[in-house]
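Here the chain labels run A, B, C, D and E in written order, and each chain numbers its own residues starting at 1.
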């Protein structure tokens, strides 16, 4: 269960398993697949890499204990199996046998232990935090790692297994400063290894002879080259020309018609693991309607999410009611739904709650306890994000209909994160979460009174308890029960209003290549290692 | 016209010029003959009219438009087509005229306020003032401005006024240079000495005699700077540093860029680009026209 | 021709040549180097010499348009170099200047009326209506009609502009007018008109002139006394008749003989000086004229000749007369 | 009708030069005729703007783009220059006729050495070897009295004084030994003492090279000293032409008279100078008859309506004035 | 000449010093501190503190400034990239050569095209040719660069596939093939930059040429009987070039600006694009480092133009 930076990142899981369009054409050995992306990987250091392009490359080179399948479920990868015992307080991973690093050294449980400790010691990434719950680690044999946790923590295995890229101890133990280690010559254990990274131009990967998950130990392709097109328009041209065969990157829906008109180009969609929302400051310095549950409810009721999805995202999105994304259907409380879009309803909620346009200027005035002034709220968001920009405009329209004025205030990213996270100086805010993959702790991460991401200022001891119970539940049923409860709380309070789950558009050339599988989120999409090993030239 | 051919010569006197009206009407006459200049003037006037009358011509495009009309090519209803949220590009371009002109004017104003005094004082007093003034000017002129603007925009934050101010802060050096060059030339004119001789106070010499006579090339430069400012604003917008709440031409282009439709929906980028072209060309032509019409021979080198 | 109007003593003006980056300079153009001069009331003093010898600089120094590097200038017994800006402004009124270039001596953006009125405004003389009247008067004096008032300088010919310049100079009722080559840009037929005008107004307004020119025939026509300059120094001051009939300094002689004579029948013996005028930033040692002087002696190379007053009142600075 | 003598180097016949400007077209010089014999110095005097330079440039074929000789002929050594094509015309310049200009400070290209600028000319018009051309350049500088010529050849114009530069210009003019040298106010920008040097130099050169010189000036004194014959121009026309002594002794045209009278002379102390009232008429608005009529103290009825032709006067002066109608009319050459 | 060069060098140093100071200040006066934009907001306080120390941000501003200068001048250290976790200098150096290639190519091409156009326009001042040249070159500055660039790519990359779509060089090439490929990839970006920058060259050259053509020495050259070609190219152009060269030096900064947009659209791996990426990723140290390096590049180019200038102008050479 986890999130990613506030930023753009997005992560996996899927419900509609992307069709693997093997289609006609005999799989052939060899060939070079050219992938388009819009930026260089941030770094080849798998422990600090934190951008989508970085993930594409690093995940092709470095192993994970688990991977996600096309349905968004975590399945064995480097770990053959895992189990949780001792009332959820012990987690044991069993590694595959006979797996080696690309330099021929065998992968052992020591590597797993080492990686975790390195992460935690140097606080390299947000994943370092999951090891806070670790009491001790044991490696009874070369293929077994045992984590003794301080308390039951059902999300541990998934987070650790899926998010942490394992690094070879024999190389990394000599690294002095792992946080600034550039790792120019990576030794991993993925299906590919690095040939060359020409900064700003391309990253060239070549197939290894022996990858544990590949059928004959070897992907069909000889090479995968990522090319960088910082401008999406140029990338689309490159696609059309056949300079690139597949995009790792999402193509905006509006550009799709151009792509679709080109013979051989195939578009597939994959949902984000995160979602977009707008939020309220529940703990403002001065009285404000954002504190008022009724007001938030009215806003949620007045939000035309269909318009947002159809106009703002041109249809490339799914509905979402609570922080639990509809991808994780079994974790969704069917009774906890967001109100239907209904302007009249929203108006009457406000009226009953004492909102009235006392000064006749067209904007409602809040009741005295919430300041008594015009409901004139500043909505801040990252000005560089065109989706948020569109959402903001639609919300502004929606709010106007119920007599609420939103002042759109696109700000620079850095200012935004300072105002939200550091200073909690905002009224409303549009944002987007990258990925939540462990539903037991999604809401804990967001809404717990002590959580770093709870910038809305939700502070409800009862809710805290529910969420803790979910996060540290000893059984799945217990977890589910509490997650349901939390969702119920949520739809009555709406500290944030989830707006949509984005669908990413990915494009590949079905004339030249086959065998693609589609994995959830653009973090994996068509270039998940498990997809790439199946890709073949026609 | 054109009587006085070599004015530097010692023997130039009998050449009486043809009776002419004031400087201004003579200028107007010359200007009217300059094709590019007239085109420029015409363009500027049209743009100003569009900018000023924007509220009458079209409605401010807000929120989202017609859901069934997203990314439509130009039709009789949407003259310039629609964007990816179904808003009319025509409306955007009309309002963009206003914003882009605003950026241009603010920039020009700031450039004037900073550049003219620096140029004037460096030119008039020379010496250390000039060493420092022109040193700073040259440095600003040399430094790669766009990266600096980018950094500042990223730090100060977006917003049309911010952008305009930032562009203005970096546009003055050329004004300062022109002003100084003119001032240096004018300072050598005997009428400056004559003014001292008849007891004209210094401030009056600087403003009435120097600045007034230096103003035409400054104006020309201002025209050019306005064009550059609009282009710069578009560039910053393109890099994601524009003001998304208003419709400058740069913002429209940035929308087209970010949604990947520059090629696909040609109308989305064509019309604002044409707007920019018209604006920059008009201001430049206007500047050139003014320059040519101020016949250098009349300006008495 | 008696009373002293202005007396300059040991006047120097060194212009720094910009050298260092921070404006420190190590060498100078000695534009005016130790000259002493008297201007008597009502006279016309001519200042002649070749280009760059410091005539204009001297003129400007005399009326404090330039600050002297060193020296004294007495006006009515006071050293005006000690004057503070306020006092200076006052005496400034008494001194005016007429310039060489009729094309650049007027602000092209001001009307003739404004140009002539400006000095009156500067010294807050009269009310508006009165001032306008005065402008009309002045135009009349210089022979330009009233219709000139609202026109711009470029609508006039060089000679007419020079008249406007004279009108401007007269506006403040000056005592002294420095005329810096006022006719050298004019054609002969026009030059004569302006020279006549200058003579007329001198009589009418009781003016004193310092008349700068490189044209000896014009100087001869207009001036009473003449000072000959060479490379920042005055080499000879003399009554005009004496100068033209029997000049003392070898340079004056050469200068006079170089003037072409508008009579093809007179074939005169000409002294052709060799070489060029040296640069005032690097003048020759000793007598500045010695490298070109046909009568140079050894002493000329080492010692600067003193200016001596001869019995007939002439001043000369030359070792020949020591 | 003049006899063509073997001796005539240049003959200008009734030329008329027009300019276009601001869509108007008017003639700057009209009906200009004169000739120069071998070894003769002919002066053109007149006030600023009367067309002296334009005449010279018309001869050289260097008129500004908007000006053109539209009538008449210019014969140089018997060839009518106006019939030549551009290239043949060009080849004559510098070789058969050379020109020096008024302002020596700006007439030399600041970015090339003095030597190169002479050398370039020599290479163009002769087939001297590079070495020989360089040597000749030094010799030319020596000839015009430049000290240290072998150093000066490698110097740039800004390193020389005005007088030196004018000497360089003269050296350049002489380099290819042209039959005709046109000097357009060569000393106007110079100081008197330097002017005296240059005039002396020109006399010497003319004597040595047997050159014909067309000497343009507005200074009557200079004319008196240097010229054999004088052409007086007024408002684009030749108004008088005479031997230099005759001209000064008995000027015929009222303009010439006025000009002489208004020039102050050393030693001649008048209280007031004579003047010519008024100003030169505008080119665009020339009076119908005599162009000097408006300023002429002896103006007659006829003068205002009829253009005077040139009359040959008793003293063998040609004069464009109705006063001399009774004398013999000059049949235009 | 030494004096001239010395003063130019001094100015260059001051320029660089100012660029350095701006660079320093911007990082410190930004809202928040660098850690607030470094990655996750889930970073623990301990991690944050560690980072601040790493940047030396716990010291006072003046001390920080001296440390900054020391690091910069002694070790040429511009700190670490927030995103790439590697030294900014390294990140920049991998991009710099491409930008230099692009800039130099475009300066050369623009000069080769712009100067003759300016000469021609001046020579035919007022003519139809002149107006066309003027209009055309101004048209260049009026076009929004990315739009032009994409359109060119569409036309000459996709529809008439003469040129590659983006990139600097095809990979896996060596020797001549590599150089040819680099050239091939350069054509469209250089063309774009040339169009955009042409006006400055043309108009400036035209203006100084108009002045020069009316100089007396041009008439002298004609009076010598030189061919028009020689008059214009040997006598006029060289003089007109003098002022144009100074302008060209100053123009480099502008070309850099154009390079940012050009490189982005053409996926050209230069510094300009690095700036774009840094803006997208909020990588301030890279942004500042890039600015500094570009400033230095521009200053160096300026010094080069100054040297050329002294070479061409005898007045400086011999004073």
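Things to note:
Simple rule for what comes next: a contact is a pair of C-beta atoms (placed from the backbone, for glycine too) under 8 Å apart; a residue touches a chain by one contact, two chains touch by 3 or more.
Treat the numbers as computed from the prediction; the structure is a model and nothing was measured.
Under the touch definition stated at the top, chain A and chain E share these contacting partners: B. For chain pairs B-E and A-B, the one joined by more C-beta pairs in contact is B-E.
Taking each chain's centre as the average of its CA atoms, chain D and chain E sit 53 Å apart.
Annotation: 49 Å between the Cα-based centres of chain B and chain D.
As a whole-number value, the distance joining the C-alpha centres of chain A and chain C reads 88 Å. Annotation for chain C: residues touching 2 or more other chains are 21, 157, 159, 187, 189-190. Shown for chain D are the residues in touch with two or more other chains, namely 47-48, 103, 218, 279.
Annotation for chain A: residues touching 2 or more other chains are 231, 233, 237, 384, 414-415. Of all the residues in chain A, the ones that touch chain E in their complex are 3, 5-6, 39-40, 42-43, 45, 48, 50-51, 123, 125-126, 128-129, 179-182, 196, 198-202, 204, 225, 227-231, 233-234, 237-238, 240-241, 243, 384, 413-415, 417-418, 421-422, 452-453. Put simply, chain C touches chain D in their complex at residues 50-51, 157, 159, 187-193, 195-196, 199, 214, 216-218, 220-221, 244, 254-265, 270, 272-274, 276-277.
Within the complex, the chain D residues that touch chain C are 47-48, 161-164, 191-197, 199-200, 218-225, 244-245, 248-249, 258-260, 262-267, 269-277, 279.
Within the complex, the chain B residues that touch chain E are 35-36, 135, 138-139, 141-148, 150-152, 154-155, 227-228, 231, 234-235, 238-241, 249, 253, 257, 262-263, 269-270, 272-273, 276-281, 284-285, 288.
Across the complex, chain B is touched by residues 21-23, 60, 63, 65, 89, 92-93, 95-97, 99-109, 118-119, 122-123, 152, 154-160, 165, 168-169, 171-172, 184-187, 189-190 of chain C.
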